[in-house]
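The structure appears below as structure tokens.
Which chain is which? They are A, B and C, in the order written, and residues in each are numbered from 1.
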Amino acid sequence: MNEFLGFLLSGVTVGFIYALVGIGFTVIYNSSGIINFSQGEFVMAGGMSTVFLLKAGLPLGVSFILAIMITSMIGIVLYKLISFSKESSQISLIILTLGFAIFLRGLAEVVFDKELHTMPSFVGDSSFDMFGTTLTYQSILIMIVSIVIVTLLYFFFKKTKTGQAMMAASINVDAARLMGINIKKILMINFALSAAIAAIGGVLLTPITSTNYEVGIMLGLKGFAAAIIGGLSNPFGAVAGGLVLGILESLIAGYISSEYKDAVAFVALLAILFFMPGGIFGNTKAQRV
Amino acid sequence: MLQINSVTKQFGGIKAVDDFTCRVKKGHIHSIIGPNGAGKTTLVNMITGVYRVDSGTIFLDGADITNISTDKLVYRGICRTFQNLEICGNLTVLENVLLGFDKYMDKGLLKSCFRAKSILDDEKRYTDRAKHLLGLIGLEDLADKKAENLSYGILKKLEIVRALGTSPELILLDEPVAGLNPKETQEISDLIRTVVADEVTIILVEHDMKMVMQVSDYITVMNFGKKLAEGTPDEIVNNQDVIRAYLGSGVVC
Amino acid sequence: MLKRYNINRDILTLSAILIIIPFFFQNDFYYEIAIVSLLNALICIGLNMLMGYAGQVSLGHGAFAGLGGYIAVILGSKYGITPLFSIFIAVVTMSLFAFIISKPILRLKGHYLAMATLGIGIIISIVLNVEDELTGGSDGMSVDSFTIFGYEFVDSLQWYMLCSFLLVFTIWMFSNLIDSPFGRVLRSIEGSEKAANSVGINVSHYKSIVFVISVVIATIAGSLYAFFSGFISPSEASFSHSIELVVMVVLGGLGRIYGAIIGAVILTILPQLLTSFEDYQTLIYGSIIIFVMIFMPKGIASVYEDVKGRLFASNK
């Protein structure tokens, strides 16, 4: 039982990170219809920047904030690149974001290095016992921060004017434009927001798993799986998707095979695509012929 | 020829088509009219297997064709055109018409890779026939133009001609003149009456009353998914229910 | 009108180029790059058919090529089956596999389709890494030499000629296919699925066929690559290889047979040219992809056609 609870809790911890990456996907997809394959690299950028700012002697808090700002800027750069593109066919935009991901990986190699890095936790490396299992403070922090972010996002989309404008733009771009909403600005905010959320995930994760320039590839794909499981267009679905993935992964690694841990996300992804194409919370839209 | 027996289709809680029954006679141009949202296109989509019928049956010449998919229906002699133009813009005008003959053509994979004689013969035979069809609508000169470069009116005609390639017994035209100017509308009416009606039965869904009255042999009026009235054009024009249903939408017959 | 023997100027030009360039090769390394380019081009032709003509994106073809290669190699090394026959069995197995997965996959559209192929690809790559008793795990495994009816392929020129012939022959078949009624059906699916459906075309059936064809070609190229390099590792089946292939097709120009070749050649040579930049290699590679997608999103072949079009226009 205690073992089970341990797996469950570590699953939830990682699940929240997947959720943060997944939210990033949905935020951009909702507003622009683009699948951003550099989402995982945003996570990497957040973690790596913090590590190196710390090494440069800046305090933890400052490094953290700066890293998020840097990553948001990277998000805005991606948006600018996309808006420069002459054609907006899905496939060429997918390739553009893939190219950007490769570019960011290359940039990280040059600006930082190829080594594996870790950083101290915000709350120390200590742990405590609860329900007969060990829990680190960092895990608690990840859970709390993720829940806070999700709550803030919820209020942002429901209560603030900008958030509502963003929702409106995701439902019908043309109508939103006619209502005087500045779509370009909205899109830019979305890219920055999505990058910032991913960066926070990167910073939170680094003390647990450490980071390097390549860490974004798998994280991005798993975050994407989380987003799909949640229905792709629903940020809160992505949270559920991330948690489901994290828990499944942890349980399978614990009880069945740790080697196939990484496959879990993709098996789940396929199961959802084949049997519930709208995601667990999504709805299928009727098409007009 | 076509028997529609109390078909129903629900979307969410709304019955788009509600217990609708209708009989289409062979050789007729049978129009289905009604205000927007009356369920006309839904009906067409049910007949052509795009939507599954919730309840009810559809028979073609005594054979049950309920819920048979669109592509299989073509082999039973039913073909359709679309309200929102569906033309392959990346193909030439001629190729779009050739597509209509697709069901007759040899498409064996290896034979295609090695240009077997049957492939070449088929292509030649049906290219001639496609050109003949294009001639009927005066488009021979545009045969090698990419379809995406042509005007909406021409493409509407092209869609009908493409459907003719499948040699249908029954053809469903979903708003063939929507968005066209009077001259183009007249051309399509002529096409329907002279070329199409000679060989096939037509179900015509249309808002243009002038055209409907001109070409139809028989008319069924739908409102809120139900049959409101049916009869010859003269009977429909004088039907009080029909006039009442249309007053709101501002169309005066 | 279709001609009986579709030997056109493009195919003759390609053949001529393929015959001439070995004279400029200074050592085996040139041959190696050329052969890898040819095999990548081969996969890209199939993938281009799927993406450019049938409009279906696959982010898993690297994995399909890799898995096909592994099947052929394992059959040879573990069961002593001759290379040609083991490739044949790999092709049959992979077509069955592709046909089975194509049914649920091709019901999906756009991004979801891409994601499903991505998912399958990554699962394949994980399985190849984990099942080390069969595959040698992440270290890969060595491959016996390649023979056709006892004739052994040892030097690079033989391989170069085999791959060149295969490429030209495949292109010839494909141009025949694309211009046939079968090809017209594919192009119509890309234009409007509803239109295709309305004239009696079973769209999903054709999508399955094209998917299977593209996987078969990837299997052949993947197996040949393993036999040529004498070695196979899971990196052949990795996500990044799949991505590379898609980028080749798009960079060259979707829906253009020769575009796929141009893309494959450029993206195979480019990393070799960039090795002299060492640390900056990935950075430059990414920048080039971004640049091409921003300024010529329809690929290099379309730029060439634009230029050609303008030249001819100015001649008049």
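The rule we apply is simple: contacts are C-beta pairs under 8 Å (C-beta built on N, C-alpha and C of every residue); 3 or more make two chains touch, one makes a residue touch a chain.
Computed from a predicted structure; not experimentally measured.
K.L.:
Whose Cα centre is nearest the centre of all Cα atoms in view?
P.N.:
C
K.L.:
Among all chains, whose Cα centre is located farthest from the one for chain C?
P.N.:
Farthest by centroid: B.
K.L.:
Centroid of chain B to centroid of chain C, CA atoms only: how many Å?
P.N.:
Centres of chain B and chain C (C-alpha means) sit 41 Å apart.
K.L.:
Compute the distance, rounded to whole Å, between the mean C-alpha positions of chain A and chain B.
P.N.:
Taking the average C-alpha coordinate of chain A and of chain B, the gap between them is 48 Å.
K.L.:
So, what's the distance in Å between the C-alpha centres of chain C and chain A?
P.N.:
About 32 Å separates the centre of chain A from that of chain C.
K.L.:
Among the residues of chain C, which ones contact at least 2 other chains?
P.N.:
194
K.L.:
So which bits of chain A are touching at least two other chains?
P.N.:
289
K.L.:
Among the residues of chain B, which ones contact at least 2 other chains?
P.N.:
Answer for chain B, listing residues that touch two or more other chains: 82.
K.L.:
Which of the residues in chain C end up touching chain B in this complex?
P.N.:
Touching chain B from chain C are residues 1-6, 173-174, 176-177, 180-185, 187-188, 190-192, 194-203, 209, 213.
K.L.:
Of all residues in chain A, which touch chain C in the complex?
P.N.:
35, 81, 84-87, 89-96, 98-107, 109-110, 217, 221, 224-225, 228, 232, 257, 259-260, 262-263, 266-267, 269-270, 273-274, 277, 289
K.L.:
Help me check something: in the complex, which residues belonging to chain B touch chain C?
P.N.:
Interface residues on chain B, with respect to chain C: 48, 70-72, 74-75, 79-82, 86-91, 95-96, 98-100, 102-103, 105-109, 112-115, 119-120, 122-124, 127, 159, 162-163, 165-166.
K.L.:
Per the contact definition, I'd like the list of chain C residues that touch chain A in the complex.
P.N.:
Checking each residue of chain C against chain A gives 51, 57, 104, 107-108, 110-112, 114-116, 118-120, 122-123, 126-127, 130, 194, 239-240, 243, 246-247, 250-251, 254, 279-290, 293-298.
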